[in-house]
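In the two complexes that follow, subunit A is the common piece, with subunit B as its partner first and subunit C second.
Moving on, here comes the complex of A and B:
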């Protein structure tokens, strides 16, 4: 934290930025509690006069969805919430664990040579759309299509460059002498990393985990093209609330979007104190 | 046969990429001594310590401790302690936990840990920082905590990488005396790296002089000063720097040495050691080995350029057409002159050094 003083002009600018960034959240939450007649009203209804939880009920009641009309989604959102949690959590944990090993290997031991970090990063240089269809074909042939294993695998592969590079920067910032001091004090290399490196980059580790989780949680394209009916995630489910007769079910969509936002906001609040760097301050002479 | 050395380094080499950091290092340090690794930045001091500690692995060569080959061992199995140049305290642990670290890891009983931390912290006068995190400590306190973390182990060898470099001048002089006293009291073996010759002078039993990753001279600090192997060592050792001037030796019955526009028929000691054929060489004169005299009473004529009083002594810079020289003389002698005055200079046969004009190798 810098000791910058909050002056009136600064407060004004910050307030403006806050309004701009919070407005979409406000709008989604308001839409989620509007009755169907207010969803698309003109002029817009900012705050519904009769807030309702009906949209949230509709999400988990297949009959209520079918009542809106023909076409679109006919399943409750339960599967998609479960699917998103499974694919995102598993994909994030694996990506961060593998990325952490890679980051320490690259930063401390230059494993794989100088080009390795760039080769790993090059995995992000393909537009996902360019590799989506080949993956559909490959997955169909190896039996991974429409499976959580398959989706998790692609989430790990897709986010590994980010987790590796982010964690590498945190490991780079940590003076290696601290690890070496503990090796001299009596720990093996592996134990030095477990007992010293990881606790000291905890803030970075949490920030990386949250970032990777957000990427996986909001991923749409692969979840769409690599699944038929078994595997669904929230972003895919969101796109299904379109009916032939009643149009797009904005309120129901907004309700699911609110549910989708909650874990991210909660996670952000929980770890915000760890997000700031500065854990290593005072450890070494600068 | 003598008892095996506390540490013996044989043919140690380490390259980073295709750049050699240290090469063919050979030296041994006896039990209970304080040896200083002296060299400028990039000479390979830190690399040498890291190879001995085992945190880096050598490309070639061996490290022996008390006759035991430890080259392939993990740092924890080498019976060493190291103080890094950035100290590397555990930032998330208190002073107590930092000092106790090696004992905690090895599963020492709690009561014994507490007793030994108490001992070490009273020796180092850091009992008041035991409950504090490193970021709340002063530079000197951190330094002592790092020292405490090393001392508590009672290892066979202490490695200290520029342990005093970040401290201010007063504290540095105080702590280096303390370091030397601790080493003597404990009878411990210290290997200390520093770029500071004065520090080496103050604490070293033996100095291992490193340059460009190689050992250039192993000697006591005093003989490094009196008897350097080459021009670069002579320049590195001593402040102000040794005066180096072009000189010519003309042999013969009335052989003479020409330097700084004057001719010296004496200086027998120097002449006897120079090659018989004569020729150009470089003469090295320590600032305290030049005599400042009134003009006309000495062979070399020069003009005073600057006088810096240093207390009892003063540093006088003089110039003539041939050269610029610095002298350390008593302040009352320097006080007789001021900038611009013409003065005379004389050489004392004692302490003159001669180097090959091209290679810088010591001739005499």
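Moving on, here comes the complex of A and C:
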């Protein structure tokens, strides 16, 4: 299959695809460093002649934001960065811990039966807009609306299928004999899992954690409908800026967008060899 | 499956297995099953937030469902539109992703860096992708600049003012965002194809084209289906990008199912009606996935053992 050389026309095609892949990223980064006069210039300015960090400063300065006519709940982005970090990190850690237990349970004790994969997958098919409706009702009755606890609970449940199946595929790759040798040694099953299984899949554990973090950090709709003034995440803040100014806060919004995507690109690059496994619930391994 | 080889001092193996499953089951029950039951009950009532508690709502049987399927053209249109957008997107993403993956079977320098670069779009959060393309498609934005450069006309199109252009913008955005997933999955599949049948065919005199269509593609089928199922599941929920790009406009001409349900519930507060719409969508999606998975169901379940 492999081995043939790339011809010039094909190299040209590849180059074109590369430009298309990266151009939007280039554009948002360039917009983020444009001074306000360049934001919406006509014709559009591709590379600003006076790059600036002022948009990033504006994001975290309530007075500067208000100067653009944005007030109320859609003010400085400080809270949203904090909120995104809190909700994503807590949601990720819990999801991975619970998913790890379930992964070992399914892989080593054959719980769940044949249909479980399809049942769990069907949980991902339900449109979030639909689940959001009962959530708003239940949450307002139990006082969880506009709280981080409430949002984190959803993030844990929403990513649990991914963490369970991704981790299960890593546990499956591990030969049973290794654990069994330790068990014969006199250690209990639980101890064998804690001291043998988990250390041996630590690479997979890290990849799963970063993958779940990407999913949680990207989530938009639940954060949108379950948050009012206390809880904000970066995607919700971005949408608020767009709503408050009809999208014309170009540079500031782009700066927030750049802050939002940097950790994801970093995390994605770190786990790129495991991305296929994560996205396909372990069905494609490499 | 497994013999209960009980080591000294250990829990019986099936008890430990059940115990390990418990946290996940509790979370799924509380955060997925309970809301689903509430939504299911709600879909048979005429409840709105001004009616007081949900338990006091009047049961109306299948009225909501009948209304949706028979009278609500906006809902039916949203379903058709979502299916249309999904079909076009998946077809384009598959063809582009497969072509790129095949190119990556060749030898060239800088392959690792290029691989990372091609994966970048799928790592970016949907809201940011939507906002970025909203900027790109502005009437004085870079896309129109390029179009004017090529076609030399005075002014570029207003992407968000006409129905076909707005839908094209949504499709272009979605294809840019998710072609990398097809590329990634299909490249994994291509690399996992055993060499021997390919080599045998070449020795027997098959042309590269024949090898690709007759040997490689059939062996790739399970992976192709997995990629389609994963993407189909996500794209029928399409919301974030459209929310940032068009909010469903102009009019309702780019409204997807998710966007319509969102507006029903959180702008018009027709929660019970929205819940009914959601259940119809869930049934439709399940049927669709079932059909897509049918050819490889046994293989998939075997692989999971």
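Just so it is clear, the second predicted complex is superposed on the first by the 220 of 286 C-alpha atoms of A that agree within 3 Å, B and C clash if a C-alpha of one lies under 4 Å from a C-alpha of the other, contacts with A are read in each partner's own complex, and residues count from 1 in each chain.
By our rule, a residue touches a chain if its C-beta (ideal position, glycine included) is under 8 Å from a C-beta of that chain, and two chains touch if they have at least 3 such contacts.
From a predicted model like this one, the values you see are computed outputs, not experimental measurements.
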item	value
Which of subunit B and subunit C A:199 touches, first, second, both or neither	first
First (subunit B), second (subunit C), both or neither touched by A:180	both
First (subunit B), second (subunit C), both or neither touched by A:211	neither
Most subunit A residues touched (candidates subunit B, subunit C)	C
Which superposed partner A:82 touches (first subunit B, second subunit C, both, neither)	neither
Footprint overlap on subunit A, where subunit B in one structure and subunit C in the other make contact	180, 183-184, 186-189, 279-285
In the complex with subunit C, residue positions of subunit A that touch it	1-6, 10-11, 13-14, 17-18, 20-25, 27-28, 31, 40-44, 46, 97-99, 101-102, 104-106, 108-112, 114, 117-118, 121-138, 153-154, 156-157, 160, 164, 180, 183-184, 186-190, 214, 217-218, 220-221, 225, 235, 238-239, 242, 247, 250, 253-254, 257, 260-261, 264-265, 267-269, 272, 275-276, 279-286
Subunit B residues touching subunit A - in the complex, by the definition given at the top	50, 53-55, 74-76, 80-82, 84-92, 101-102, 105-106, 133-137, 139, 142, 149, 153, 165-166
Complex contact set, residues of subunit C against subunit A	1-2, 5, 7-11, 13-14, 16-24, 27-28, 30-32, 34-36, 38-39, 42, 54, 100, 103, 105-108, 114-129, 131-136, 138, 140-142, 145, 176, 180-181, 184-185, 188-193, 195, 198, 216, 223, 226-227, 230, 233, 236-237, 239-240, 243-244, 257-259, 261-262, 265-266, 271, 274-275, 277-279, 281-282, 285-286, 289, 293, 300-301, 303-304
Touching residues (chain side subunit A, partner subunit B) in the complex	175, 177-178, 180-189, 196, 199-200, 279-285
